[in-house]
Amino acid sequence: MTVKGLKVSGRSLALLGLGIAALALLLVWGGEALAWAQDNRVVLVQAVVTGLLLGGVYSLVSMGLTLIFGVLDILNFAHGAFMALAMYASFVLVRNAGFGPYLSLLISVPLLFFIGALVQRVLLDRVMDQPHENQLLLTFGLALLIENVLLMVFTATPRTVEFPYAQTGIPLGITTIQGPLNVFGAVADLPRVIAFLGSLVIAGGLFYLLQRTSLGTAIRAVAENPDGAAMVGIDVRRMHVITFGLGTACVAAAGTLVLPFLSLQPTTGEQFNVIAFVVVVLGGLGNVVGALVGGILIGLVQELGGAFVPGVDKLFFVFVVFVLTLLLRPQGLFGRKS
Amino acid sequence: MTLLAVQNVSKSFAGLKALQNVSLRVERGSIVGLIGPNGAGKTTLFNVIAGVMKPDAGRVVFDGTDVTGWPAYRIARLGIGRTFQLMKPFDSLSVLDNVTVATLQRHRNRKEAREVAMEVVERLGLGQWANKRASVLSTAGYKRLELAKALGLEPSLLLLDEVLAGLVPSERTRVVELLREIRGEGVTMLLVEHVMSAVMALSDHIHVLHHGEMLASGTPEEVTKDSRVIEAYLGEEEHHAGA
Amino acid sequence: MEVLRRFDRDLLVLAAGVLVLIPVPLFLSGFLLEVAIQTLLFGLLGVAWNLMGGFAGQFSFGHAAFFGIGAYATAVVVTDYGLSPWIGMLLGAALAAAFGVLVGFLSFRYGLKGVFFALATFAFAEMLRLIFRSLEAVNAARGFNIPIQSGNPWLTLQFPQGSPNYYYVILALLALTLLVVILLMRSRAGTFILSIRENEDAAAALGVNPMRYKLLAVAVSAALTAIGGAFYVQYFFFIDPDLAFGAGVSIQILLPAIVGGIGTIWGPVVGALIIIVLGQGSTALVRTPPPFLDVLQGVSGLDVAIYGALIVLVVLFLPRGVFGTLRERLRAA
């Protein structure tokens, strides 16, 4: 439509409208809101801290998912199921082999890399040309299968793994870090902090791999232009397999990292799965940086939403963001594929 | 009597000026050709006329009604039929059903619509595939189906986007004859074509588009003698030869 | 086979099918009758979904939204107002259709297609679930227990447990659903809906208003699904947000069409049968497994695991579904 000769899209009008509404709300209730915020400072800071810490994990999970989409054009609905699988693998290692949960990373990550690569090679490779809905359906069926086999083997009894440094604190040379930490007056549990830091480290590793190694370059080439990549001699199918493995390895790492502070059931991965999808759409499909930023944002939205409106399930706000993104900025904050 | 008037239409895509201040008229009952080198903006102009895109500026007036910015389906209902250069058949439906979708606009009764569609299908020589899935057709068959669908709409103006491309000469002659027949039935046509012989033979009037601007218009003889037109096409050839 | 004439034949098949199925309660009772009732309900939901997902080509991952609206509308009408569930059914159908049109309009207007559309429908269903879980007006997470009502059992839609009348009701509802879908697809609107699925641009170029016909398919699909939800509540006497709007419900609704044949009239019915049989089979297997499968004793999750495997196999090898593939083979022969 045209407004006084200016071309305006419905979408930008909607965004503008939202912005004006937000501004109006701010002006009318801003004073009260500020006072409320002062009173509830503790709650809010806590929400920010918790949201950030959780967001880091979301980022890692989502980066794996968005990498898979960017390179293979597959929306992997089984991502969360793989996470649960990794968590059970770690659980078994901890319970039966006396591993420390963080040590089990050394096994769970490569194991899931291998499993993911296998799944891609054997199953998903066949549906690469089918419409996206079919791929979504296939990975969904896979998710059902994995989760329910886990259910059959481990039952629905919630499992827990103890955080090994709960009593003793983390020894770091001269000092020992005792949890929980105090961050601006908010409580930050050690295992959550470790999960956050671990996620960032692994995300950094992923970045390094993608930007600085020849493997990463090859992967990015396939994401940009599969035909061109094939023409310069890159084994595209091998890249597909490796990428899927990498994506799965990311979510496996995330799973093992959260094991010390979440209880484990076959459906534990589901919530992360849904959130990862929201993050990936928010950040831009295939955009790894977008997934990183988006993960943190969604973590914040979830916790802050829960703080502002205590009665409603926190996931609700995540979905609101999701729907708004789909409608107003479907290409995501950062656009697709970077 | 002007059936279609395009007035000062402009359209850009992300900075690229596809159409700049383009105007043309199509008289009722005539066949007008639209030619120009590749990328001149011909299909964009069609898309604007047919309502697939909104112009940034300018108007499209059809039979006295300003249809600028109307959605495609309303313009189709008003009487403008079009074929697509990249053909868009309804693959899972039968050939007959493909055309029935069009005839159902003018004939609400299913049986009647199907009968009229069958006539169109036969006329376009697709009778033997009437009840087969459209996906079994060859490219030439697809082209004829595109035309059949547009005709099923019983349009007063037909926009033909390269209906002859990819056809062998014998098929081409048949289509050209068919177009002449259709004109005889009172349908006005605006056609985009690269097959020069056909354009020259069929058109009463020709417009030449180049880099989104109207370069020249006139009768076929006038246009072929126009130095600017020759240069535009030769320039193209040189460009291709040198590259 | 020409599309329009195919739907004509379907009416005959429907009539014959109903006749054949009417005397079933004479042969089945108790547990088997329950299974039959559930099969018919699944079939109804699958056929309803298929109208939107298969014929209109708008793949929905969130049909639980419509199911839940129908279920809750009936629960509220019966429990809080003491009215007949048939009123709840009609109200639920209308509300679901309205919700569908709203969601559909937003999605189509903003150009959501394919997977994005599917994800959006999933999000909307989840949002409803979360809202209902927090809303006291609908008993939040506790849900509704349908009270026993006095009066004409056909008006209150409450029969003694194990009564064959439930079977007759769901059979009639399934027949109604099939009738509506067949008549719709047989009509002018149905041809337009199919053309939009095949190629929206080409359909528009032939005068078909894409938004209008897509929304029509969504509205009818939603209303029919809600009717299924209403029956569910009356049959099981209980509903809560997870049972109404859960992701699992959306999956169960689309499964019959995927397995049986998306975009066919009978596919979802065939699919429902296959799924129920497999489900019951695996439940029986888990209850009393043969000696070499002892490890399966009492295990939960086998049936859904099988569904998962089934989906994978169908997508890989039978993308047209069981019924769809059979039909193709028969046609080619």
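Residue numbering begins at 1 within each chain, and the chains themselves are lettered A, B and C in the order written.
Here, a residue touches a chain if its C-beta (ideal position, glycine included) is under 8 Å from a C-beta of that chain, and two chains touch if they have at least 3 such contacts.
Since this is a predicted model, take the numbers as computed values, not measurements.
> Which chain's mean C-alpha position is the greatest distance from chain C's?
The most distant chain relative to chain C turns out to be B.
> Centre of all protein Cα atoms: which chain's centre is nearest to it?
Smallest offset from the overall C-alpha mean is found for C.
> If I rank A-C and B-C by number of C-beta contact pairs, which comes first?
A-C
> What is the distance in Å between the mean C-alpha positions of chain A and chain B?
49
> With chain centres defined as C-alpha means, what is the inter-centre distance between chain A and chain C in Å?
Those two chain centres are 32 Å apart.
> CA centre of chain B versus CA centre of chain C: separation in Å?
Chain centroid spacing, chain B to chain C, equals 44 Å.
> Show me the residue ranges of chain C that touch chain A in the complex, using the header's touch definition.
59, 61, 106-107, 109-112, 114-116, 118-120, 123-124, 126-127, 130-131, 133-134, 251, 258, 296, 299-302, 304-305, 307-312, 314-316, 319
> Residues of chain A touching chain C in their complex?
10-11, 75, 123, 126-127, 130-134, 136-138, 140-152, 155-156, 266, 274, 277, 281, 311-313, 315-316, 319-320, 322-323, 326-328, 330
> Across the complex, what residues on chain C touch chain B?
It is residues 1-4, 187-188, 191-192, 194-195, 198-199, 201-210, 263 of chain C that touch chain B.
> Considering the complex alone, what residue numbers of chain B touch chain C?
Answer in residue numbers: 50, 52, 71-74, 76-77, 81-82, 84, 88-94, 96-97, 100-102, 104-105, 108, 110, 113-114, 131, 149-150, 152-153.
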